[in-house]
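These notes concern the structure reproduced below.
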Amino acid sequence: MKRIYLDHNASTPVREEVKQKVIPFLGEMFGNPSSRHKEGRVVRVAVENAREEVARTINASSREITFTSGATEGNNAVLRGYWQSYKEREKKNHIITTAIEHPCVLTTSQKLKKEGFDVTFLPVDSVGRISLDELEAAIRPETGLVSIMMINNETGNIYPIERIGEICQKHNVLLHVDAAQAVGKVPVDVKKMHIDFLTLSGHKFYALKGAGAMYTKWGRWIKPLMTGGHQEKNRRSGTENIVGIIAIGEALKLARDEMDADAVQIKKLRDYFEKRVLDEIPYTQVLGDPSNRIYTTTNISFKFIEGEGIILKLDVAGIAVSTGSACSSGSLEPSHVITSMNVPLEDAHSSTRFSLGKQTTKEDLDYTVDILKDTIATLRSYSPLYDEFMRNQQKGE
Amino acid sequence: MKRIYLDHNASTPVREEVKQKVIPFLGEMFGNPSSRHKEGRVVRVAVENAREEVARTINASSREITFTSGATEGNNAVLRGYWQSYKEREKKNHIITTAIEHPCVLTTSQKLKKEGFDVTFLPVDSVGRISLDELEAAIRPETGLVSIMMINNETGNIYPIERIGEICQKHNVLLHVDAAQAVGKVPVDVKKMHIDFLTLSGHKFYALKGAGAMYTKWGRWIKPLMTGGHQEKNRRSGTENIVGIIAIGEALKLARDEMDADAVQIKKLRDYFEKRVLDEIPYTQVLGDPSNRIYTTTNISFKFIEGEGIILKLDVAGIAVSTGSACSSGSLEPSHVITSMNVPLEDAHSSTRFSLGKQTTKEDLDYTVDILKDTIATLRSYSPLYDEFMRNQQKGE
Amino acid sequence: MEYTEKVMEHFLTPKNVGRLDDANAEAEIGNPACGDIIKLYLKLNEETGIIEDISFQTFGCGAAIATSSMTTEMAKGLTIEEALELTREQVADELGGLPANKMHCSNMAADALHKALKEYQEKHPKK
Amino acid sequence: MEYTEKVMEHFLTPKNVGRLDDANAEAEIGNPACGDIIKLYLKLNEETGIIEDISFQTFGCGAAIATSSMTTEMAKGLTIEEALELTREQVADELGGLPANKMHCSNMAADALHKALKEYQEKHPKK
């Protein structure tokens, strides 16, 4: 059966050009880039070219780029590194982040809070926006770091990093941006946005899982997560994930040229899909900020039902999506992103994320709408909440 | 020009079977293993199969295996995790390690020492052996962890882990073993050896760079280096390096069956090569413990010359080796492993490591000996130390 | 975390879904916070105490729907006493097992069954 | 860290290697600890002060050998005064550059040259 993949925010397929580019590194180009001989040197050159591609994509210099095992490592490195460095320097022990960060920022901040770090978690409004006034008001003399994501993985909301950067600069606070969902999809400029630390992850832009990069503004220094060999100028020890790094370089090189066209093309499809779903399925609502969202993503709640059933039924019909539902993640609570927007629990449980990619077609989406209509109707027919609601409606009439 | 690769301890080529096994994961098998849909599930199953292969290779249970970005991460995770957990529990703040560990253990221990950890670095004798009596004598009531490598990457020396494990068990101390150079080459049995934590790295046994695994004995718990998503049962957050993990599973499955034959076959070649070099090139010496070395490795010093010249000239002739010389690594000191054996500095600077692999042939080694003879003679003809030595010899006669 | 074939079968084509108009016992369990609400409807033979018909409505994940369906299938035709002995574990076993994290909150249909039966017994004390 | 073609050329086929039997000036610099020892031999014209011949012996890395070779090439034919102005940086430039970590300890031939010349001048004060 043909599969329709609408879960690009979870992970993208590896694009063909990237696959072709990395295959030689599974073959004759196998040297350790730290080695002095030819086998090592050719790989070293390839790694440095990839670094240059990353730098160019975010308007940084290549000496500011460190390769990592992904955005989780990058975000831990920034937060834990900042904490370690703070502890040494005994000042600026307050950081500000938000309630809607990815778990690798949120959980890590919560853990550091337990260890003595002072953390403010900014709330969001009903569409997931933060208030810049609240952000500015939260800055205190001991505030050292603001950590805010560029694009939320669940809602697709875009945060105003440039304005946040201006606020940070004004108050002499460092800015860390988790750009895992942004790099490769929208223009990112660390200079214009006044960013001090930025993290990205290859598998969000058609490269490989388990490889990422971080930007550290020249002159900033935080203690590394891992020490050992002299790799990555001592900022991140350990033999490099060569295929992952090469993949990132190639994928970003291609992405830079394609970004603008994607933004038009994929947005058109997303909007078409979203409109059809809202028009054709009742009691349905978009979660997030429709006026400020990445073009790939729509997160929709289908009242009266639980999300896991939706993704299971779509999966059986050949469609891959994800949900913020509790049951689906293995935890007992629905997505912290959705609940922090004060979405009623019944709606939160049915939140379903459709994230489109370069290969998505109108036919895919038409088929998905058809299956979805049937799925929602069926699951509602099982639901005591829907039954009750319909009976009350009838009584009211 | 045909290349002869004799630097397998730095990194191995990816073997063909491994390459074929990972290629589908650059194509249709691209799901995120945390995803509930089919794309995710098939990858999850493949990851769990790879975990099973790792477990089987070291006689562990698969729930005791965590995938990492390599042995550097693994070793940092154990040492830093132990330190973090110790700080919480306020006891057993002494660890014992050795002077000949890999930098990711040595440097990390030194850094933790600065942060308040109490670390003993056991010395080694002139062939690189540690004394088990000294180890046992170093254990104090507050000793919590012993960290010792199974096989040294520079000399190939094998350390008596089983006996060390018995000592640790007797004194109720945990044992961490950096087995990066051992797994896939020699039998490793965490139960028989009484190991609590063990780390390994894929690119040392024909899998990929940037992926590894760690064993944590069931019931042991240390704070993770990275927190976030619920990957790896919360022991290591971050989207998994799928191709790296699949490669490890396949490479170890094959290695288990081939290990015994390799040990015979490669040892024969190594011994042949070593004998020819010692016989045919004067003022030459093996560094390390000839009676207790991995079959892949020989480390030879060529008196009166500096090692970088050797590796450069061999490289030009198509041969890849490495050296413990200072100049070659970019640091100013020769290898800590060689100097800790009290090798005179002139010899330390010329230490050259030849590490053989599955593809190495007798012809490769014959050619290498020929080139080496020429190289050593030429470099000695430049050397003021050699000139002086020869003049003194002549005077003496 | 994977569902067995049997779970998927009961999720995709659940038995006994919907309201039972001539029910003489019912119970609801769960709440939207935990993500599962199960409502059971039973028609008990007032003479024999046999469950003559039973149906469910469930708001919840795949496992919640599948366990509801399976529970109704297993309970149908049992006497009250027999049905009171039906456990969550039996339901899970009959489905070929459930993922560990689904055993607790998504396997509540047996509880709803017991609740309905006990309320019925209170209202219809044995003569 | 990569060497330029020129460095490799001077490393692989160094000029002026070996002892100079009729040398009238020489100097050694470095020690085995730092990994580099450079010994220079010079034959100076006692009248003109011109370096008529020069050679080196070097224990050291590729860069140490190449810079030694290049230094002797550059110094040959210079007067003492001219040779005293020859710097490490000029040697490195002539080689198309050196990796940063090689500038210090592996580029000492010019120092050896100056040392030899100064000792020569002390022994042969200008009349």
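Residue numbering begins at 1 within each chain, and the chains themselves are lettered A, B, C and D in the order written.
The definition used in the following text is that a residue touches a chain if its C-beta (ideal position, glycine included) is under 8 Å from a C-beta of that chain, and two chains touch if they have at least 3 such contacts.
Predicted, not measured: the structure shown is a model, and the values here were computed from it.
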item: Fewest touching-chain hops separating chain A from chain B; value: 1
item: Far-end chain from chain A, centres as C-alpha averages; value: D
item: Computed distance of Cα centres, chain D from chain B, in Å; value: 40
item: CA centroid of chain C to CA centroid of chain D, Å; value: 93
item: Approximate Å spacing (C-alpha centroids) for the pair chain B, chain C; value: 58
item: Per-residue multi-chain contacts in chain B, two or more chains; value: 36, 308, 312, 328, 330
item: Contacts with two or more other chains, residues of chain D listed in rising order; value: 1
item: Chain B - residues contacting chain A, complex; value: 3, 5, 7, 10-14, 18-19, 22-23, 26-27, 30-32, 34-40, 69-73, 75-76, 102-105, 107-108, 111, 201, 203, 208-211, 225-230, 237-244, 308, 311-312, 314-315, 320-322, 328-331
item: Of chain C, residues touching chain A in the complex; value: 1, 3, 8, 11-12, 14, 17-19, 28, 32-39, 57-65, 101-102, 105-106
item: Chain D-touching residues of chain B, taken from the complex the two chains share; value: 304-306, 308-309, 312-313, 316, 325-328, 330, 332, 334, 345-346, 349, 381-385, 387
